[in-house]
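Two complexes come next, and they have one chain in common, subunit A, joined by subunit B in the first and subunit C in the second.
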Partner chain A sequence: MKGSLKSILLLGLFLLLSFFPFLFPDPYLIHLLILSFIFSVLVSNWNILFGYMGIFCFGQQAFFGIGAYSSALLALKLGVPVPLSIVFGGFVASLSSILIGLPTLRLQGAYVALVTLAFAEVMRMTCSNWVGMTRGQLGLTVTALIPGAGRVGYYYVAFLLLLLSTIVLLKVMRSSFGYVTVAIRESQEAADSLGINVIKYKISAFLLSSFMSGLAGALYAHYIRILTPDIMSLHLMITILVMGMLGGIGTLPGPILGTFVLTFLSEYLRDFAQFRFIIYGTLIILAVLFVPGGLVSGLRSVETKLKGKRCQEGSS
Partner chain B sequence: MPILQGKGLTKAFGGVEAVSNLDFSIQERAIVGLIGPNGAGKTTLFNLVAGAFRPQSGRIRFLGEEIQGLKPFEICHRGIGRTFQIVKPFNTLTVLENAVIGARFGKSSKIFDSFDPTPIALDALEFVGLIKEKDLLCDNLNMGEKKRVELARVLATAPKVVLLDEVMAGLNPVETDRVMSLIQKMRDEKEITVFMIEHVMKAVMGISDQVFVMHHGEKIAEGLPEMVVKDQAVIEAYLGERII
Partner chain C sequence: MFTASILIQQIVYGLVIGSSYVLMAAGFSLIWGIMGVLNLAHGEFYMLGAYIAYYVSSLLGFNPIMSAIVAMAAMFFFGIAFERALLSPLYGRKGWEMSTVLITVGASILIQNLALVIFGEKYKGLPMYFEGELEIWKIVLSYDRLVVFLVGIFLIALLWYLLKYTRVGMAMRAVSQNQEGAYLTGINVHKIFYLAFGLSAAFAAAGGALLAPIYFVYPTVGAGPLLMAFAIVIFGGFGSVKGAIVAGFLLGVFESLVVLMVSSAWKDVFIFVLVIIVLTVRPRGLFGIQ
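On to the complex of A and B.
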């Protein structure tokens, strides 16, 4: 009963999103959904490192930015077709994750946070100062996905990317890799002593997470079409953190839920833009205090309560 | 031929040699106790054998092959399992999932492998008496149960030798007896060689075939349990502490 209700809801949601641009041809709503799709990919893949493996990665914005710049430059300077250059952006981000992944393998906790954060800042400064290549703060004007592509085109590409990322993550986390990640988070030493090659799997997680984040960043750049080094700013990382914590880290639906809620919320709170980080901060504190597992755990406890009620009704 | 053997093992932290030019040798299917005062270097010796630390000098032979320098997961795949002095269960996983991890990765670290580790894990839980608790989260277990989860997990890796670091510390007398008979059963039914660090003298004296005594990183005595406790060097090492 329960399971089928859930699948019906999910199917409904899938159909709604599949036909959304035709049902509600409101460019502004479509824009918000595109952003939600792209950021869902980013937050979900950060969650693999942070939520599942317990790696304190605070440099995810770098993978997003590296994907964006690699793809934008490749398309701009060499005229590579954009769909190809986006995939290339994913690979470059993935490669860069080896640079950042290796030094963090032997570190723990706060040190990992510092190293990853520093890495992202170095990347941002590089893009900012390498004016000959990136035009620095002036920014690049980025090629369109396909010449003349409209909003609806971007909508479907972003939607597909989120589907792809979600299917990959589902597949991977339901394989024994899911156990590996949690085992490493709970005790690296114990995992190692039970035959798990911790280093190999940490690197695999970095490769996957940064590849997907790089794809998301590249698509974002070709959609917004203006690219400045600010794409790699700490603000983005804080946003990722809030989206993840709000929805529930260490779960698959959590980051997606959190991203959608925050993307729409921050649009409706636009008038208070200058207070954005105060609002974010408050949200985090409230989430940690009242729903420590995020919205997903809140929903789950409501679900079990409803279920309990139904059982009671059934038995009486 | 001994199943596990160390020669000239040394490991220093800063200037202090926690393990100092130490030799040991363990026969197949023996239960060997390792005792010594606090800070003697017992856990460090286990960490050397299990691959958590690399010895600064010396060799470790297991089944005739040298294994020093291998990574912990490789040592596990070869057939040496371990538990931890401070228990390290996977708290957010269930008891069964903890054992499944041992069964799944104990012999190979590959992810996409088709065999089903659950029966092996269930066997291990049955063996340590945690079948009824299999769906509980480890977080909700008491200390005795957590220690048995660690035993089940390591048994699920199908080891030939297990290194048990104070599995009886913090247990009440009933639980202690239970773990003692478990260890004997491991040797008798599963033919596992047991190397165990233990402060609980009743256990050391009760089930060990042989006892090693460490002090300041060196092995100061070895032999039958009842002989070792009468040894003059051992009594001096424990001066001020009661052994029995």
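On to the complex of A and C.
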């Protein structure tokens, strides 16, 4: 009964989002949804590393930025068709994750946090200093997805990307891979002793997570059309962190929920733009202290309470 | 290409900056060793220390050394309050490492942006306090930098003495070696936690306060020193104060040589690449213990 209610709700949400641009042709709302789709992909895929595997990755913004820059440069300098260059951007990000994944394999928590953060900063500073290629802080003017593509076009591409990412994550996390990743998070030694090839799983997680993040970054660049090294700044990583924690790290719906809530919330708090990061910081602190599981765990506990009530009523 | 005197000059500058990095990194490393907390708000202690020194000396007319002392005292209590309010509720909770990383990130964002609203984003600089410069052979060192260096060395020696010879320092080292063992011998571990946190905040503030007259003060000024502290601790090994001292001076010199030979825009890139390479070869840092 409850399961079917959930699937009806999900189906309704899917249909609403599928026809949204025609039902509510409000360009601003569509813009916010596009951003939410793209960032949901980014945060969900960061969550594979951070939430599921317990890898303290503080460099996800690098994958996003590398995807964005490689796709933008390919389209701009070599004239590669944009849809192709976006996929290529994902591959470049994935390759770069080997570069950063390998050194972190033998490292423990805090060291991983530093190495990934340092990697992202190196990438950002390289993009900022390599003026001949990237125009540095002046930024690149990025080609459109398809010449003359409208907002609605981007909407569907971003929506498809989120669907693709979610389906892949669902499949992966419900397979043996998903169980192994959680085992690795809980105890790497125990997983090792059971004959699990921890390194293979970690590298695979890095490859998948960075590929999807790279795709998201590339699409973002071709949508926003202006690309500066700030795309890889620590601010993006903070935003990822807040979105993930708000929704609930280590769950599938958590990052998506958190991203949507925060994207819309921060738009409505636009008048308080200078307080935005003060609010973010407070949200993180409060979440760690009082709701470590985020919105998803809050919703779940409400759900079990309701269920408990129903059971009591049924029995009496 | 470079004359020997320019080279030596740059090395001396590196040692001066290095002394302030050591103050940052020693506390950072201490907290990791004792509490297992990766304090990502450590750069904000540096920033707050610099602001306190700035306001104390520009409003009250204190000299830089006095204002550094005021900043240290204030930040000692701030550090204790920070630990009590944000970290002590997490004791004994599952996933200590991740929770503390997240909560210090949150605190860092909060403090930094509060500072932005309260102090404004304008760069604030203190006037030179000690005019003139020292010249030995062809090496020129302004008195300001010399004072920073000497005070820095004095504070490092003080920290060393505190940890090595006082009862509280010994208790801190005991907790860092074996928490349960220390508890069993009657050490109040939670008290050691907040004392160590206050101490670490005070020394970070000293670093910020000392460099305030040389560099500018602004709300995000702590980010660079935090990353540097990270790098130093990686080299010196997490939890090792001795390693932090050696590595702090080495990286300070390395940084100023990169500035001389390449450019200041690439200096952080060089340092981070160096860190990544070192960690790839030695996952526990250069002097880190297993």
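Simple rule for what comes next: the second predicted complex is superposed on the first by the 316 of 316 C-alpha atoms of A that agree within 3 Å, B and C clash if a C-alpha of one lies under 4 Å from a C-alpha of the other, contacts with A are read in each partner's own complex, and residues count from 1 in each chain.
Just so it is clear, a residue touches a chain if its C-beta (ideal position, glycine included) is under 8 Å from a C-beta of that chain, and two chains touch if they have at least 3 such contacts.
Please read these numbers as outputs of a predicted model, since none were measured by experiment.
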item: Touching partner for A:192 - first (subunit B), second (subunit C), both, neither; value: first
item: Partner chain in contact with A:7 - subunit B first, subunit C second, else both or neither; value: neither
item: Comparing the two partners subunit B and subunit C, which touches a greater set of residues in subunit A; value: C
item: Partner chain in contact with A:301 - subunit B first, subunit C second, else both or neither; value: neither
item: First, second, both or neither for A:180, with subunit B first and subunit C second; value: first
item: Which of subunit B and subunit C A:141 touches, first, second, both or neither; value: neither
item: Partner chain in contact with A:200 - subunit B first, subunit C second, else both or neither; value: first
item: Overlap of subunit C and subunit B interfaces on subunit A (superposed complexes); value: none
item: Residues of subunit C touching subunit A in the complex; value: 32, 38, 86, 89-90, 95, 97-99, 101-103, 105-114, 116-117, 223, 227, 230-231, 234, 238, 265-266, 268-269, 272-273, 275-276, 279-280, 283
item: Of all residues in subunit B, those that touch subunit A in their complex; value: 50, 52, 71-73, 76-77, 81-82, 84, 88-93, 97, 100-102, 104-109, 111-113, 153-154, 157
item: Residue ranges of subunit A in contact with subunit B within the complex; value: 175-177, 179-180, 182-183, 185-187, 189-198, 200
item: Subunit C-touching residues of subunit A, taken from the complex the two chains share; value: 54, 56, 102-103, 106-111, 113-115, 117-119, 121-122, 125-126, 128-129, 234, 238, 241, 245, 274-275, 277-278, 280-285, 287-289, 292
